[in-house]
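There are two complexes below, and they share subunit A, which is joined by subunit B in the first and by subunit C in the second.
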Partner chain A sequence: MLHAWKFFAAFAIAFALAGAGTAGAYHTQFIAQNCNYYPPTPTSYMTRDGSITVALYARNEGYQWAGGCWNDNDVDDSPGDPTANGGTGGEGPDCSGFTFKVWRESEDQNSTAFHQWWRLRHIHGPYLAAHFKAALGAPNYPLSKSAAIKMDAFASDHHIGMIYVPNADGTDQIIEAKGEAYGTNVWTRTYRGSSTYNGVRRLGWSQP
Partner chain B sequence: MDEIRSTHSKISGTAGVLAGALAGILSVALAGTALAHRLVQPAERPLLEATHLPPLLTTRGEKIALRYDVYCALSEAEADTPCSVEGTVFARAGDTGAFQEIAIRAEPGASDSRYVARLPESIAGASAGFSYYAVFRSEDAGISTTMPAGGSAAPQRSRPLGRSIDMVLGAHSFGGEREADARVAEAAWGSGTAEVGLEQGRNLTPIGGSAFDVEEDGSVVVLDEANKRLLRWQRGAESPDSVPLEINGTLADMSIDKDGTVFVLETTGAHGKPLLRTFTPQGTSKATIAIAGRPSQVRVGPDGPVVLQSASAQWMSAEREGQPVSVSGQLSAGETGRPFSDGREIVILRNGDEVRVALVGGTGVRRSWVVQSETPLAEVQLAEPHGTGVVLVTRVINDDRDEFVVLVLSRRGVVNRFSLDSSDWAETAPLSRFRLQGSSLYQLGSTPAGLFVDRFDLEVE
Partner chain C sequence: MSEGRRGRFSRRPFGVIRGTVVALAFGVVAGCSDEASVPKRLMDGTHAAAPPVTLEGIQDHVVLTKVRVVSHTNRGNQTRSASCLERDWDAQPEGSSVERVGVESETVTFEQASRQVVFGCDNSLGRGEGNRPWCGGAYGRLYGGRLRDPRLDMVGCSTRDGDPMGFIWVEPGRRTKYLVVEQPGYAEVYETAGGLPIRIATVHDVFIEGSHAVFELSEHDKTGQMLRTYRVDARVAG
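Moving on to the complex of A and B:
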């Protein structure tokens, strides 16, 4: 009877400790359990429509500061991660990582080649939002905001989002990884009008 | 013998503890693996989406083509090989009668919006305008989509401007902003009783004081979503009263009804689904209403809150006679114009560096304006009736600067015009920077130090 009591006591303590540890480290598990580090698939061309399609598969997924890996179940699988902490290993891209992947850019900043990374490849890429704003890297170049069309982007020192479609009132529907409380989705924004944002275009789109 | 028994007992006890601990750890590991497995099964679902910028207002002789972008894929891996799509526009002259089917054709060489329907002149040139909706189907993907989602029950509506009052704004001269007549509310960033919360900190896009409204008595109410409350500055008061609200925020928009009912539109609710929350003036929750599509604004209409859906450019009622309207009910009653309590609607269309504005009544367009600008235009922040005219606030931009331009439009053209600093250090809900109350325009602005609301008297008789 005493041994049984010891067994259950040990079980309870171990269960609680392991559970607590798992809960504490839970948000670090998405990338570890789901994401890969495969090389990208090179493509010979890239269309705005094709990239919008890639971006649309990320809707309703999470946001992870410095992240770049997500699935397609329309759920943020690691909600409530501490913001601005790249070590939490949660689901989703951040704004610049999302743009990097949707724009199929290379880790080599001198390359304009098209690299399809796929959603479960964990990569952020070499650019922060401010780098896109300054049009750093061979594939990125500055663009007058009034000329920006679908899949061009608006970038500030802190954020970047890509145009999905303009609205009748002059705002834009932007597809973006907005923040931990928002995830990744399409929202109406006024980035085109704000002087804190610059226009930036990915080089080399094929039509359409 | 006792020693042996004691040793055996200790071994058994230790084994029991070890077995228990192992079983506990294994249970957690197995449960965790099962949970992770459930979470991460990616669904390679087919996708069919369409976007469209509706020609809400047309000029005489304008070539009308309904252009759509359509995104279709069987999976992410086939993003570059879109599935075949067939589309049909159902269009008719005016608001009533049978719809005529018009095939949508793909124009492979088009640089943008390559799915096109060309309307016959009998519809496109109808004096009452036309209404239409589109259906896209993909046999490969086995799905279809209707745009707008209300289909024949709530089609898009295009109206001719008629004899519009046209004006050309010259090249905008930046730096000539008007001073405010009064600063009616002011708060530093923070979580104190008279402060407004700043979300995301200063290393990400700062978000704070996401929306505001002005009550009939001149009280200014700011939605302090970071601190989950309203801050109300009574007319002439230096510090605000606080009303706690059960909200999640996420760049929420807000409007307040005449009876004090508060409407808060959260664009990112549970699982990305937007919500409209309604509260009494004291902050007691009244209802939480699921909202269709991608809403960007909530305003008070003639019969309760109305929400602008960006996906369709339609205004939809979220409540009728105090009762929530279901998502399907919202979609099947979308309207092109923003409805006002006097029965009029306002329709706007920014088209390049031109803004078209129409004041619509029971018989159609009552008065319309076309504003062209040599300096590029961004969004229309506000367009509301003002007497028999309209107050229009739009943003002029170049690649380094932006300012708001306020135009008071009447049948004589522009009767008052001035510029305002954009003062948009912190992000707000997209279209909640201005409010019109009586003959005063109010602007929500922000700096790295805090938030303010300024009043500008329009000085128009």
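Moving on to the complex of A and C:
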């Protein structure tokens, strides 16, 4: 009987310790341990196909409010972060930071130059989704949604996603940092037909 | 700046030592300031008045901002509120809006039905993009009636001299009547109004690199007694 109690006590302690670890798991310190603040690499041109490749590196890498740093292991290394909490320092971009980085924009809102921000460079950029919707900033230009093609974006006051592939039925495959529960990936979305979304284009694309 | 403080309110408990330090900081700033830099007028050209009470810990050069609660029936089409709503917001306003005019800024704040969202417009003395009536704005989801993020807006708005500005919402405590924002050479005072978060602006400690801004704040009750001092290090998000 004594052995049974000892076993139960050891099990209870182990369970409690495991629970404590889980409770603190959202503070994974991903940014602090993996990311850098290196200057961007200036580039003279940017193609839509090239930016799709850049965007796809973030696929399956999670979502982080105010975030902007991810690796390429196809795993969210900071799962379960609380919503709208920029202090958790986890992996992944948020929607506007993702667009800023894929569009190779500058922190200077008056600059249209291309800046290659590498995956592990932690940066969000100055724009809210609402800023993209309003086409604020020199590199961002308002666009008729019917004219939007791959790597143009649809923005609302609280979200933005870029076109991966337009669908024939009027919907689009959108690559976006969707939220903490979803991460960053490609989904079929109806932003093109939604009155709350505006079209916005990054100026200066080289073709294609 | 520590990662843990980014993009969220970092409220610190009020303490005598911290209060003293901040009071001294305000005093030092005021004592060293150029008299000519103390604002005499608000952004709309009206006289910059002093607050009706003495604010504990704030030595001098205090400017009271203007605030107006506008009911939806009085919104008309010539008010700041009406102008802000000309933008195609995702949200529909419910109830009254709050219009504020500071030294270098003016804002309007709306609340959506069921207290799920706050949104509004920001403006400044600097030249904005194109012919836009407002240089910026923000939209913030509420969780349990409160913001989890102050919704920093630092794109588009600037001072008369072209320096960047940052705008955030602050949710003051229940006893708070006055919110004081440290500015270079003076302190700007915002009154609580309309039960909505207070949209404030800063003209310094706005960091383009890193996309964040630091606000030094204190809250005071209706008698001017200091309730707390704290710093908000806000980061652009979402």
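By definition in this document, the second predicted complex is superposed on the first by the 182 of 208 C-alpha atoms of A that agree within 3 Å, B and C clash if a C-alpha of one lies under 4 Å from a C-alpha of the other, contacts with A are read in each partner's own complex, and residues count from 1 in each chain.
Heads up, the rule we're going with is that a contact is a pair of C-beta atoms (placed from the backbone, for glycine too) under 8 Å apart; a residue touches a chain by one contact, two chains touch by 3 or more.
The shown structure was predicted, so the numbers you read here are calculated from the model rather than taken from an experiment.
Colleague: Determine, under the contact definition given at the top, whether A:G50 touches first (subunit B), second (subunit C), both, or neither.
Modeller: first
Colleague: If you stack the two complexes on chain A, which partner ends up touching A:K150: first (subunit B), second (subunit C), both, or neither?
Modeller: A:K150 sits against subunit B, while subunit C stays out of touch.
Colleague: Is A:G62 in contact with subunit B, with subunit C, with both, or with neither (first, second, both, neither)?
Modeller: neither
Colleague: Classify the contacts of A:I31 with the two partner chains as first (subunit B alone), second (subunit C alone), both, or neither.
Modeller: Touch partner of A:I31: subunit C, not subunit B.
Colleague: Is the number of subunit A residues in contact higher for subunit B or for subunit C?
Modeller: Partner with more touched residues of subunit A: B.
Colleague: Is A:N185 contacted by the first partner subunit B, the second partner subunit C, both or neither?
Modeller: In the superposition, A:N185 contacts subunit B only.
Colleague: In the overlay, answer first, second, both or neither for which of subunit B and subunit C A:H158 touches.
Modeller: A:H158 sits against subunit B and subunit C alike.
Colleague: With the two complexes superposed on chain A, say which partner A:H131 touches: subunit B (first), subunit C (second), both, or neither.
Modeller: After superposing on A, A:H131 lies in contact with subunit C but is clear of subunit B.
Colleague: Report for A:A84: first if it touches subunit B alone, second if subunit C alone, otherwise both or neither.
Modeller: In the superposed model, A:A84 contacts both subunit B and subunit C.
Colleague: Just checking: does A:P40 make contact with subunit B only, subunit C only, both, or neither of them? Give me first, second, both or neither.
Modeller: neither
Colleague: Go through subunit A and flag every residue that touches subunit B in one model and subunit C in the other.
Modeller: 29, 83-84, 156, 158, 196, 198.
Colleague: Taking the touch rule as given, give the residues of subunit C at its contact with subunit A in the complex, in rising order.
Modeller: Its residues touching subunit A are 3-8, 87-91, 119, 129, 132, 136-139, 141, 143, 148-149, 151, 153-156, 208-211, 235-238.
Colleague: Inside the complex, what are the residues of subunit B that reach subunit A?
Modeller: 12-13, 15-25, 27-29, 32, 36, 39-45, 47, 49, 51-54, 56, 69, 71-73, 76-77, 79-80, 82, 108-112, 114, 199-201, 203-206, 248-251, 267-268, 271-272, 294, 296, 310-311, 313, 348-350, 353, 355, 376-380, 394-395, 397, 399-402, 422, 424, 430-431
Colleague: Any idea which subunit A residues touch subunit C in the complex?
Modeller: 29, 31-32, 65-66, 83-87, 89, 94-97, 107-109, 123-131, 134, 136-137, 156-158, 196, 198
Colleague: Residue numbers of subunit A touching subunit B in their complex, please.
Modeller: Per the stated touch rule, the residues are 2-4, 6-19, 22, 29-30, 33-34, 43, 45-47, 49-54, 56-57, 59-60, 71-75, 77, 83-84, 118-120, 144-146, 149-150, 156, 158-159, 164-171, 173, 178-179, 181-183, 185-190, 192-196, 198-199, 207-208.
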